[in-house]
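Shared chain: chain A. Partners: chain B in the first complex, chain C in the second.
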Partner chain A sequence: MDAKQIAIGSSTRLPAVEKTPFYHIEKPVTENRGDHFLRAFAAVLEFTDYKALLDSYCTSSAKCNRCAVSCPVFMVSGDPRDIPCYRTNILLDIYKRYFTIGGAIKARLSNGFELTEEVIDDMLEVFYRCTACRRCTQSCPMGVDHGLVTRLGRYILSLIGIVPKALQVSVREQLEGETHNTSKVPKDALLDTLGFLSEELEDMVGVKMEFPVDKSNRDYVFFCAVSDYLMEPDTLMGNAAVLYAAGDWDKWTIGTTNYDGINYGLFYSDWHLENIVKQLLAEVTRLRGKNILIGECGHASRSAHDFVPVFGGPSAQPVVSFIEYTLRCLKEGRIKLDPNIITERVTYHDPCNIARSGWIVDQPREILKSFVPDYVEMTPKGQDNYCCGGGGGLVSIDEIHDYRMRIGGKVKAEQLEKTKADIVVAPCANCKKQLKELVEYYKLPCRVMGLHDLILRAIEIPGGKSPAERKEEAALLEM
Partner chain B sequence: MATFELGGVKIEVDEDGFMEDPGVWTEDIAKALATTEGVDELSEDHWKLVHYLRDYYMKFGIAPMIRKLCKETGFPLKKVYELFPSGPAKGACKVAGLAKPTGCV
Partner chain C sequence: MSIEQWIDFAKGPLFALTSMIMVLGLLRHIVIQVYELVAGKGRRLSAAPWRKILNEGLGWAIPIKQIMKGTPFFSSVSYLFHIGVIVVPVFLADHIVLWEKTLGFSLPSLPSGWADFLTIFTVACVLVLLGFRLFGDRQRAMSRLTDYVLLLLILLPFVTGFLASHSGMNPFPWETMMLVHLLSAELLFLVIPFTKLAHIVLFVFDRLSAVHWQLRPGAGDKVADALFGKEARV
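Here is the complex of A and B:
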């Protein structure tokens, strides 16, 4: 597909719904969904603090629609139902009508809003067309956090069994399954994979690094998105290379009871969010680890960074993103990155979950600019970035692949193409998967890599082959 | 859950056509499932890949890391996509009778 075809703003709008059902649901509720929804809503209001928030949003939401221009989904679909304010106001309308006296009276007097089966259908779709990137939240002049309201809507829907099956089965395995991780990777498979990575690293850099497993009292307990153990060898070897080169090889460990940083609770359920965080904390406590080191994953980083202090209390271990760790090593002169290795043009994609809050924006750029001579930015970037189109758990839902390509990720695809970059660095398991699919779908001439994949190519390993030697060997292998 | 029937093969599959019970896999089932992936004839290379996946799965309960699959079979990733156009995780694993991958895969 050429650039013209993916250009935004064309007058031809895409159809709103591609498939019915929009996503698979394990055991769909078929009768009285409205009643079920209201009961679940009432329970959430009783046991949480959302009531005060909704009261405030009911007063402040001006329906000015300024959020519309910030939403990469609406930009492409042109469907009014994709305007963040529209989505938020579905839930606010239900709240006002059924949980405030004024709303109830108004409805009696003037045939006001009613929660019908159509409204449920609308919610189950629009709440999952949103990629939870929260770009709209930043642009709302009234301070309405549309991302949070969407999440609340998803939470209530999940309580009546309406949740994408892909997310539900993953969370169930993580909390109740034998493996305790979202991709069902058993301990033996983890150990086999670590052995394989160790051999690969030895071939590549000429140094044997045995991955530390179940070591107690280490500075760092490492959690990546568990899918990295299936899909992202270079990211993991890059992580390992930094730890080794920095002299921290005996200061970290991977636990074998729980090694998954993924937390889909962040996308749809407070209940699961808390339990998954607590499970992660239990592993760190078991190993008497001092810090929680999160691999390359946006939502895994955010769910740990923001919620370990919430659910773990003041004595909980600090959460460190691997990007922060690597930058610190670089600044302290503990690792060296050869600036003559990466000759391709590189750009950086900000994962929403670490960039939107401003937490991790400059750090990866500082690392990249230190060893990538041809570095270019996308526009917009950083806190104002566009989502890859697979955020909020959407990337895990295969059946909406077409939606993610044609609508959710189209703005990102165009942005990518404009950079003319050979490599797009995306330090996030979600973003990587979505971007790889976008590159394939739009036939973009670039490769998707993790930040540490690139670092792996340029890092100097004490006692090992130089980056230049490794580059030569890799080129020979590709011939 | 749905039933997938082709020739003499009759199995329970999920919405995406993955086997509900990977334990009952046979080569005939592989041949039948391959047709749903646009592969009408399983060549020697297909079987090599399928059997490697199957053996690994029986031993470890999960598919191997993709890099390992490529290394052990000697097939570069491009070749894997040639054999199974929908890729290793979706196409090859389905034919080898593995359960649908979950999580961020």
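Here is the complex of A and C:
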């Protein structure tokens, strides 16, 4: 397997994507970036508790290179800078040299490592060539979490103003703007969209569903990636259909003060991560909701699931992924999915943020297998699955589209092609965008859909048209 | 001092001193890690998924699945190397005598045939690992001088020990070989706590990334305050 993977890498070895800088930066700092970086690093070490981790990693990192063959970026680029351990060691070298006694002594004795402008440039690029998928962490015998170190590196860079403009502008709107969401969707536009979705659903299934907005004391307060309201109506209608069919229509709500589950803080900043989580919690508390229901989005699910307890304390509302919710409804017999509707071959892509930890791996498969007769797995799958190439916020950075297609997503495209699937299901806003671009770029005969887009086609709606009727109507419309 | 006296010195006081430094040096890592974790994470430690951390960690004790997933040859060699490098020094019959003398307790010893086999096997593993570093593109890109030096340093006590105990194969005087064996092992003891070999104990702490994802509430705001003042903007 090793030799083969390397063969793929070396036969397609491409020149590094030359762009200075790798991505757009709002206000690039040009002078003394090294000093600024060290000052920011010192502040981070003072107030956070990354020190234990850095102390342990910087002494024990064995550089065995097992991580290299697990990295879908390195497999294609063949660039040593893309070896996860190499990338991690840039930050560890800085830590060792400037923040440990051993490093200080070593620097006295010889001309060792120095934090130069070149090192800053290197970090600027390599930390954002990584998709933070954390596949390498599983292959590290020592358990070094390269994703966590890369994220820390990005965090410190962001504190000296080095952060992709696309991410920064979105986070600014989310935390400081009027709309409090990353896509700048105002409340009126949200209400319009919900009205439109409601009409569409009525046309499609023959039942009127008014979306519950700002209702108090509901079981679930719903958050999706806000971009879904603009780009993924089928996913949202699928979500609504499940809630309606399960008889939970009066048990959920969408808040209008904050309706964005996106949290780019997960990708590059502790500061933003915490404040965005708190903003989400404030909305749930305002509505006195009992659970936080996260729509189809990998990083939104993880940032809520993993960090609501961290920043909200043990009394914070539980976080439920919509996939978990749908499976529960299915198991309890509250929803029925018609197994005769989906005739295409379907495969499933695991979004890293929910699958890598083993949290959501089997649930979507159980749902899919219950109503998709021609379901195939991609290899590797589940916790070992490859990243789409758009993880870690990369998909939102338009100027690196070329990199994401040629390098970051190439392994995924090859893996997808081998399944010969007509539909790839990817329950994640970021994965969907990246996969759609990959399918177009590599001209794959494959459609990218959300899990609930597919469920929408097969779900039986009480009092509405049957899935078979809907399928006929849809076929007529397409003719 | 005669060479016999040197050997006695290396076996006695020097052995005690270097092993003491090694033990204390490794203990220092443990103390620092535990202190930093307890002081830094505090009550958040209890929120970490300890069972998962333990299960995943123990999964690496016999890592057949992991080995099959990537670099199977390199990983197998590396795994077997670790077995040799632990078992031979600890359970060799000649060393057991040493444990009895210095530590006061005995251990079951390896049959000499097994000991010979394991020693040669470990040496072979080191050579293969060295080959990977020298000739593997990926590994060479990552490797620094220390990575080679440490492998050679590990090789030395194994080779000299083997030759010292097999007079037929040993081209040098037994005493010289023994002294080099003792001194090289002691040098290894000295460098263990200060190099990546400290992963002997630190691997436990490296596995705690799930604990480190339990970020400190309020820290992000404090960092921003310190760097940009209270009016910090995104």
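Convention: the second predicted complex is superposed on the first by the 467 of 479 C-alpha atoms of A that agree within 3 Å, B and C clash if a C-alpha of one lies under 4 Å from a C-alpha of the other, contacts with A are read in each partner's own complex, and residues count from 1 in each chain.
The working rule: a contact is a pair of C-beta atoms (placed from the backbone, for glycine too) under 8 Å apart; a residue touches a chain by one contact, two chains touch by 3 or more.
Here the structure is a predicted model, which is why all the values come from computation and not from measurement.
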So if we stack both complexes on chain A, do chain B and chain C clash, or do they fit? fit
So in the superposed three-chain picture, is A:Asp398 touching just chain B, just chain C, both, or none of them (first/second/both/neither)? first
Does the superposition put A:Trp271 against chain B (first), chain C (second), both, or neither? second
Is A:Ile342 in contact with chain B, with chain C, with both, or with neither (first, second, both, neither)? neither
Looking at A:Ser227, would you say it contacts chain B, chain C, both, or neither? Reply first, second, both or neither. first
Applying the touch criterion given at the start, work out whether A:Thr182 contacts chain B, chain C, both or neither, answering first, second, both or neither. first
Just chain B (first), just chain C (second), both, or neither: which does A:Leu456 touch? neither
Chosen between chain B and chain C, the partner touching more chain A residues is C
Which value, in Å, gives the least CA distance between chain B and chain C in the superposed three-chain arrangement? 15
Going by the contact rule set out above, which residues of chain C touch chain A in the complex? 29, 32-33, 36-37, 40-41, 44, 47, 52, 56-57, 60, 63, 66, 68-75, 78, 136-139, 141-143, 147, 194-196, 198-199, 202-203, 205-209, 212-224, 226-227, 233-234
Using the touch definition up top, name the residues of chain A that touch chain B in the complex. 24, 165-166, 169-170, 173, 181-186, 188-189, 192-193, 196-197, 200, 225-227, 229-231, 233, 260, 262, 395-396, 398-399, 429-430, 433
Touching residues (chain side chain B, partner chain A) in the complex: 15-16, 60-68, 89-90, 99, 101-105
Complex interface listing, chain A residues touching chain C: 1-2, 5-6, 39-40, 43-44, 46-53, 55-57, 59-66, 68-70, 80, 83, 85-86, 89, 102, 137, 139, 141-145, 148, 159, 168, 171-172, 175-176, 269-275, 306-307, 309-311, 314, 358, 384
